[in-house]
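Alright, structures below, take your time with them.
Common to both upcoming complexes is chain A, partnered first by chain B, then by chain C.
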Partner chain A sequence: MNRETPIVKNHIGTLGATALVFCCRIFYLLTYSPKSEEYGGSVSMLAFFLAGVASILLCTVFWFMLRRCGAHSLPELYQRQGRVFATLCELAVLGVLSGSALSTVLNFSGFMSSTVYPGAGAQVMAAAVMFAAAYGAYSGMEAISRLAIPVTLVLLIGLATAAAGIVGSINPVYLIAPGPEGVPQVLELFFQALFHNTEVLLFLILSDKIREGSPKIYAWGAAFSMSVYQFTILLVTMALGPFAYVRSYPIYSMLAAAELSVLTRLDMINMVIWIFITYIRCAAYLYCICGCIRRMAPSWQRGHVSLGVGVLGALAGSYLCGGLNRGLALWELWSGAAPFVLAAGVLLLSVCAALLRARRREKE
Partner chain B sequence: MLFKKQSQEKAISYAVPQPDARLEEELSPSLEVTVERLRQLCGETADLQVNRLTVAGAPAAFVMFEGQVNDQTLILGTASRLNQAALGDTPASRLESIYSGLFMAGDKKKFATYGEFIAFISSGFAVLLLDGAAQGIAFGIQGFGFRSVGEPSSENNLRGSREGFVEPIRVNMSMIRRRLKTPSLCMQLLKIGVKSQTDVCLLYRSDYVDKRMLQQLQSRLEQVQLDNLLDSGYLRPFLESGPFSLFSGTGVTERPDTLCAKISEGRIGILVDGSPFAIVVPYLFSEHFQNMDDYSERPYYAIFMRLLKYFAFFLTILLPGTYVAAVNFHPELIPDELLFKVAQAEQGMAFPLMFEALFIHFIYELMREAGLRLPRPVGHAVSIIGALVIGDAAVTAGLISTPMVMVVALTTISSFVIPSLYEPVAVLRLMFILLGGMLGLFGMVLGLAFVGVNLCSVTVLGVPATSPETPLSIYSLRDTLLRVNWRELGQQQFIISRTEGADMGEEGIE
Partner chain C sequence: MKKFLSGVLCLILILSCTGCMPSVQIDRRLLVQGIGIDWTEGEYQVTLQVFSPAAKGETEGAGSTDIHTAAGENLAECMQSVCRDTGRSLFLGNCRMVILGANAMGENREPVLDYLLSNHELRPGIPLLFTEGQAADLLKAPMDGAEVPAMRIHEVVSAHIHAGLCPDATLLTVIQGIDGPGASAALPLLDLTEDDMLVIAGAALLLPDSGYTAVAAEDWRGAAYLLGQLESADYTLGYKGGTLRVTVTPVLHLLSAQEENGRPLLQLQLRLNCAVQEFTGGRLDWNSTETAAVAAVVERQAQQELQQSFGLIQAHQADVLGLLPQMKKFTPKLYQAHSGAWLLEQAELKTEIQVNITSLGSGARAAA
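And then the complex of A and B:
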C-alpha cells in the first residue's frame, strides 16, 4: 500500500514572507500624524528611514546570533535551553505579541470609530477583527502570507490612485529640511518608530517556516515599507501643508480631499486597504500567539487554541475599546519603549544564554 | 431497556462498511454447487440467468445478469463455437484451451472467487463455467443500454468538440485515448466502494505528472471508506482540503477535451463508472474562469472574457451586500440623483433593506431549486410563475423595492457566468448581505479578508489553489488572468507541480 509521505513543516514562500513583513510594518502609517511643525514631513521621513535601517541591522544581528547558536528560529532556541527557560521566554514573547495584537486592534478601532463610522461602537469592530483574525491564525501562516501578496498589490494601486488624485494639490514649498535644530525631534521619532517595531520578533519566530529564511527577506520587506512610508509622508506633507498638523489622521484627510475623474471618494479605498492590513497584522500576531501557547501545551488542539485566542482577544479588544482611559493606558505603554525592551530583552537573554551554554560545553 | 435497544439499533445503522467475507470463497469444481452458491449469494435474484449447455460432453453454463450482455455476440461469437472446437480431455485443459485459443473476445479473464464472479457479471460480462473446473472465464461482451455520446449539458461551448462524457467508464476512457495518442497516457483502474465495487480510473501523463502527487492521490483513494460509490461527487471530499473550506481544490468536467488538456498539464483525472463527470486534481481557482472557447478565440477577446468573469464573480458575491451597506451606512457613496430614487423606492417597504435582500435571495434559491428538480417543461413554468407572478406581485405589494429586484437580477445573471463556483457564491452572497446589513462596508471588507484567507488556505496535493497568482509566478500568469497567443503558449508546456512544503501539514487545513 502506498503511504503518503508525512510533511510536518510548512514553508512560507519568500515573496509571501516579504509581503507579510511589509503589511505588518506598514500598519502604523494608518495613524501617522506629524502633530506639530517640528515633527513635520521631512523630520518624520528621516526618522522613519533611520528606524527602518536600524531594524534591519537588529534583525540581521539577531539572526546571525541565532545561527551561531545552531537554531533556525527563536522557539527552537528556547527549546534547547530547557523547559523552564523555554516556558519563561515563551510567556514573555506571548506578552509582547498580545500587546502588539491588541494595540493593532485598538488603533484600528479608534481610527474607524472616529472617522469612517463616527459614533459607532469600537468594541464591535475590535471583536469582529479579532474573531476574523483568529480564523486567519487557524488557517495557518501560509494562507496569511499568501493573502498578503494581493493585499500589498492593492495597497500600491490604492496609493498610486491617491497620488494621481492629489497631484494637483501638491506644493513642494511645504517640504522643509529639518536642519541641525531638528536633530532632537528626528531622534525622538526615530526611537518611537523603532520601539513600535515588534516585527523583528515576529520574523525571528517564523524564520524556520520561511523558505530560504534569512534576514534578506526582512530587509526587503522593511525597505519596501520604508519606501512607501517615505512616499506617503512626502505626499501628505506637500499636499496638506500646515493642515496636516491639525488633523488626527492626515492620510485619511488627504484621500478624502483627493478626486480622480468619477472617483470622488478615495477615502473608501483607504478604508478597504487598512482593513486588509489590520487583518493581516492581527492574524499574523494571533498565529504566533497560538504557536506560543501550543508550544507550552502541546496537547491542546490547534482549532481549540485558535478559538480560545479569538474569544479572549475579542473580549480584551472590546474591553480596551470600551473606555478611553483603558485604551490610552495600553497605547501609552505600547508607544513607549515597553515592546522594544521586552522584545529585545527576550531576544538578547535567550541568545546570550544559549551562547554561554555553548561556550561552557566547548570548555568542558 | 428501551434505551439499550435503541442504542444497539443505532450502532448497527451506523456501522462502518465492511467487506463481505463470503465473497472471498473459491468456486467449487462442481458446476451445480457453484451455481447454487451463486444464487444464494445473490439472494435468489430474478435477473440472474444461467444458460446450461454441453461442452465436449460435459455440463457447462453461461452465467450473466439479464440485459447486461449482448445476446448476438454471445451466440455467434462464443456459444456456437464451443461445439465445433476440439478441446482437451480434462476440465482444466478444456478451460485453458477455451481461454487461450477459442475466443477472441476483447476482454476475457479467468477467476476463482465468488467476489470476482459477481463483479464480472455485474459489469456485463458473460461467465462460462465448466463442470469439474474450479475456475470460470469471463467474456467482455457487454450489451447493456446507455446514453449515447452527446453534447455536454453543463459546459456548453461555441466552438470545439460537441462530445461529452457518458456514464460507462470504458466509453469515457476510449474518448480520452482517442484524443491523446501518446504512450505516456496511463489509465489505472481501481475498485472503490466496499459493496458497490465501482470501477474508478486514474488518468495521467506519466511524463508530466508529479510522482509524489500521484502517490499521495493513490494512497488517499485507497483509504476511501464508502459502502457504495455512485457518483464522482462522493470522492471529492476525500481529495479536498479541510471541511471548513468554502472552495474546493478539485474540479469536475464533462468534456473529454478539457480533461485531455488538464492531463497534459500534469494533472490527474479521475473517472468513475456511472458518472459523466470526471474529477480533475488539483484544480486551481483561476481555472473556474477558463473554458475551452478561450483557446479557440482571439487572445484579446479571451482576455476580455476572463476579466469579465472575474468581474462577474465579485459582482455576484458583493453587489447585494454593498447595496445594503451603502444605503444603510454609507449613503454618501451613492450619487445624489440615484440616492433620491432609491430612497423613494424604499419608502413604504414592509421590511428593512437587509431582510428584503435576504428574502428575495431566498425566494430565488427556492425557485432555482424547484426549476432544477422538476421535469423541464414544468421547470420553465415555475420560472415564469416566479419571475412574473411572484416578482411583480411582491413589488406591487411593497415587499420588495424595484432597485432591489434589479440588484438581484444582475447578481443572478453574473452568477451564471461562473457556474462551477455556484455553491460558494450562493453562500457568500448571503454572508455578505448579513455583514453589509450589520456592519456596513467595514463588515464586507472584513468578510472579504476572511474569504481571501479561506481561499489561500486551500492546498491540494501540495499545490496551492490560488497559484499562480499567490504564490506568484509571473510567467504562469500568461494563461490565467491573460491568455497569450498560441505561438507563445505552445513554446513551453505548462506543467503543474507541487510547491515544496506547501502541504500545510500540521499547521494548515489540509
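And then the complex of A and C:
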C-alpha cells in the first residue's frame, strides 16, 4: 500500500496563494539598502513599482502561453516534451530554485548575524532555517500557504505599529522626485528587482496546485507586496533622510528608532515576523525543489526527498555562510540576469517545443 | 525506532536552537548608562558610566554608578580595553546618552559618529550631548556623594528641550544634519560650574568646517520655535509698569521655504496659546482690549526671540533649521544656482504669529 498522500490538484486556497506570493516577494524588503541618495527614496520606489508591474505582465504572458499549449503548470508542459527535454528543464529549474532558496538563507543569516545577533553563528542559523524549511516542504504547500495568511496580517500590523512609532520623525523634505538624471539608477534598480524575482517561476510551477489558478492571484500578491514596498520605502526615506544612506539595513534602523510609549524598540517584534517570512519563502522553494527531484525520480518517497534536500541545503547554506566571499560569490551571480534568463529560457523553449510538436501533429 | 530517532532529532534541534549565540549572564555585563568621548593628547578617551547595584554615597538602596575609563587610538580599542580591564562584556542597549567633548567633535567628528553608527546596540534615537570641556568631567560630576546618574542628566536635558532652552539631538537627527546639504547640526551644550554643578548652557552648533559655536540658552528659544521643539515657555514681561508672568504653548507650527525676488525666504506660521499666570504691580481690567494688548506683548517677545536666533544661526552659517534641504526640494533651480553659504546668508525670515490668550491664572484674576 502506498503510504504517500496522493497529490491532490487545486488544493491551495486563493487567499493562501496570494499571501504566499506576498510573503515570498516581501522577503527582500528588510535587506533593502539604497546605498546613496541617487538610489534612495523615489528612485527606488519608481524602480520597484515598474519591476512589479513588469513581473505581473510577464506572469500573465507566460501563463497564457502555458494555457495556449494546454498545460496547467510549467512542469506539466515540459514533461510532455519527452524525457530528455524534461530532465534538462528540471535541472535548469532546480538550479534556479536552489539559488533562490540559498540566497534566502544567506540573506537571512547574514542580516541576523550582522545586526540583531552580532557574533552569532551564521552557519548554525542557516542550517536551522534549512532544516525547518525542509520540514515545511514535507508538510506540503497547503500548510505553508495557510501559514502565510496570519504572517501577512501580523507583518502588516507590525509595520503599521512601526509607522505609528516613527510618525513624529517624518519630514517630507527628504522625498525628492527623480529627475531625468535619475533614469540610469531607476533602470539599474528596475532590472535588479526584476531579476531577483523568481516568484513568477514559483507561481508557474505551482499554478496547477492553486484553486482557480490564474495570473490574477500572482497579480494580487505582487500588487499587494508592491504597495507595502512603496509605503515602507516612503516611510524610511521621510523618517530617516540621509541617515538611511549610512546604514546597511535602513528598515531595521527605522524599526529600532520607532518607539511607542509602551514599546521602546519595535525591531525585535518585527524580527519574529521576518523569521516566519524567511521560513515561508524558503519552505516554498524547497517544496518545489522536492517536486523537481521527485519528477526526475518518481520512486523516491516524499519524506526521504525532503530530508535529503534539508540536509544538502543545510550543508550548502552552512558552507556559503562560513565565509563572506563564498556568500558574496553566490549573491553576485544571483544579482545578475542568470536566474531570470534560465527560468524564462525553460519556459520559452518548452512553449516552442510544444507548439512545434502540435504543428507537426497537425501536418501528420 | 522511528519514534526514537524523531525524539533524538527534536532534542538536537531544541538544544542547538538555544546555542546560536554566546550567552552572557547579567552579572558578567557592564550595563552602560552614559558614554563620554574625548580627544586628549592625540588619542581618544572613553568614559563609561555603568550601572552598579551597590549603593554609593547617599543613594542608599537605589543602586549607583561606576566609572570606567580607557584611552586608545580608536573608540573600538577603548571599548575593548574596558572589557579587558573589567573582565566583563559591554551592553550599550540601555545607554541613556552620549556626551561628546569639543575636541572629539573637531577633526575627529567622522570616526566618532561612524563608531556610534556601527554599534548595533546603540539606538538611532540615543541623545547626543556636547560639552566644551571634558565629557569625562560631566559623567564624574558629583551629586549626593556619587556621580550624577546619566538618567538624571537625561531628565534635566529633556526638561530644557521642552522649555526651548537647548536643541533636541539624537544620533539620527545629528547624522541627518551633518550628512544633509547643510552639513551642520545642533546639540545640547552642557557645562560644569565652578563648584562642579552640571548646567545646560544652551546649544552647540556643529559647523561644516568641523568647528563649532556655542549659543546661550536664552538665545536658542527662537530656534526652538522655528524647529517646533518648544513645548511650553514661561515669560516674565514688563507690562503697564508691572510684571506679567505668562506661559506660552505652541499649538501650530508650519515652516516652509520658498523663493522671493531671487532670494530664499523662510516662512513661519505659528499659533501660540497663552495662559496669563500672574500680574504684579497694578490692576488690570481684563476685557478684549486688554487681552489683545497682552497678546501683542507676547507676540513681540516671540518675534524678537525668533529674529535673534535666526540672525545668530545665519551669522554662523549653520543650517540647523534645515533651510537647504527645503530649498533643494521646493526651489531646486535656486538651490543649484547658488552655494549653500550664499543661500543661508541671503535667507530672510518672515513670521506670522497668532497669540491666543486662553486662560487667566489665579494671580491674574486677583489682579483683575
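Keep in mind that, in the parts below, the second predicted complex is superposed on the first by the 355 of 364 C-alpha atoms of A that agree within 3 Å, B and C clash if a C-alpha of one lies under 4 Å from a C-alpha of the other, contacts with A are read in each partner's own complex, and residues count from 1 in each chain.
By definition in this document, contacts are C-beta pairs under 8 Å (C-beta built on N, C-alpha and C of every residue); 3 or more make two chains touch, one makes a residue touch a chain.
In this text the structure is predicted, and so the values were computed from the model without any measurement.
Legend: residue contacts after superposition of the two complexes on their common chain; A:Tyr117 is shown touching both chain B and chain C. In the superposition on chain A, A:Ile176 makes contact with chain C only, while chain B stays out of contact range. Once chain A of one complex is fitted onto chain A of the other, the partner contacts of A:Val246 are limited to chain C, with no touch recorded for chain B.
Taking chain A as the reference chain, the count of touched residues is higher for B when chain B and chain C are set side by side. Of the two partner chains placed around the shared chain by superposition, chain B and chain C are both touched by A:Ala128. In the superposed model, A:Tyr279 lies in contact with chain B only, and not with chain C.
By the touch criterion stated above, A:Phe22 is placed in contact with neither chain B nor chain C. When both complexes are overlaid on chain A, the residue A:Glu142 reaches chain B alone and has no touch with chain C. Common to the chain B-facing and chain C-facing surfaces of chain A are residues 116-117, 124-125, 128, 265. Those residues of chain A lying in contact with chain C across their complex are 114-121, 124-125, 128, 131, 169, 171-176, 240-243, 245-247, 253, 256-257, 259, 265.
By the touch criterion given at the top, residues 1-11, 13, 15-16, 112, 116-117, 124-125, 128-129, 132, 135-136, 139-144, 146-147, 149-151, 211, 265, 268, 271-272, 275-276, 279-280, 283, 302 of chain A touch chain B in their complex. Taken together, the chain C residues at the contact with chain A in this complex read 13, 16-17, 19-22, 117, 120, 123-125, 172, 175-176, 179-180, 322, 325-326, 328-329. Looking at the complex, you find that chain B touches chain A at residues 212, 215-216, 218-220, 222, 329-330, 332-333, 439-443, 445-450, 452-454, 456-457, 459, 462, 464, 466, 469-472, 499-509.
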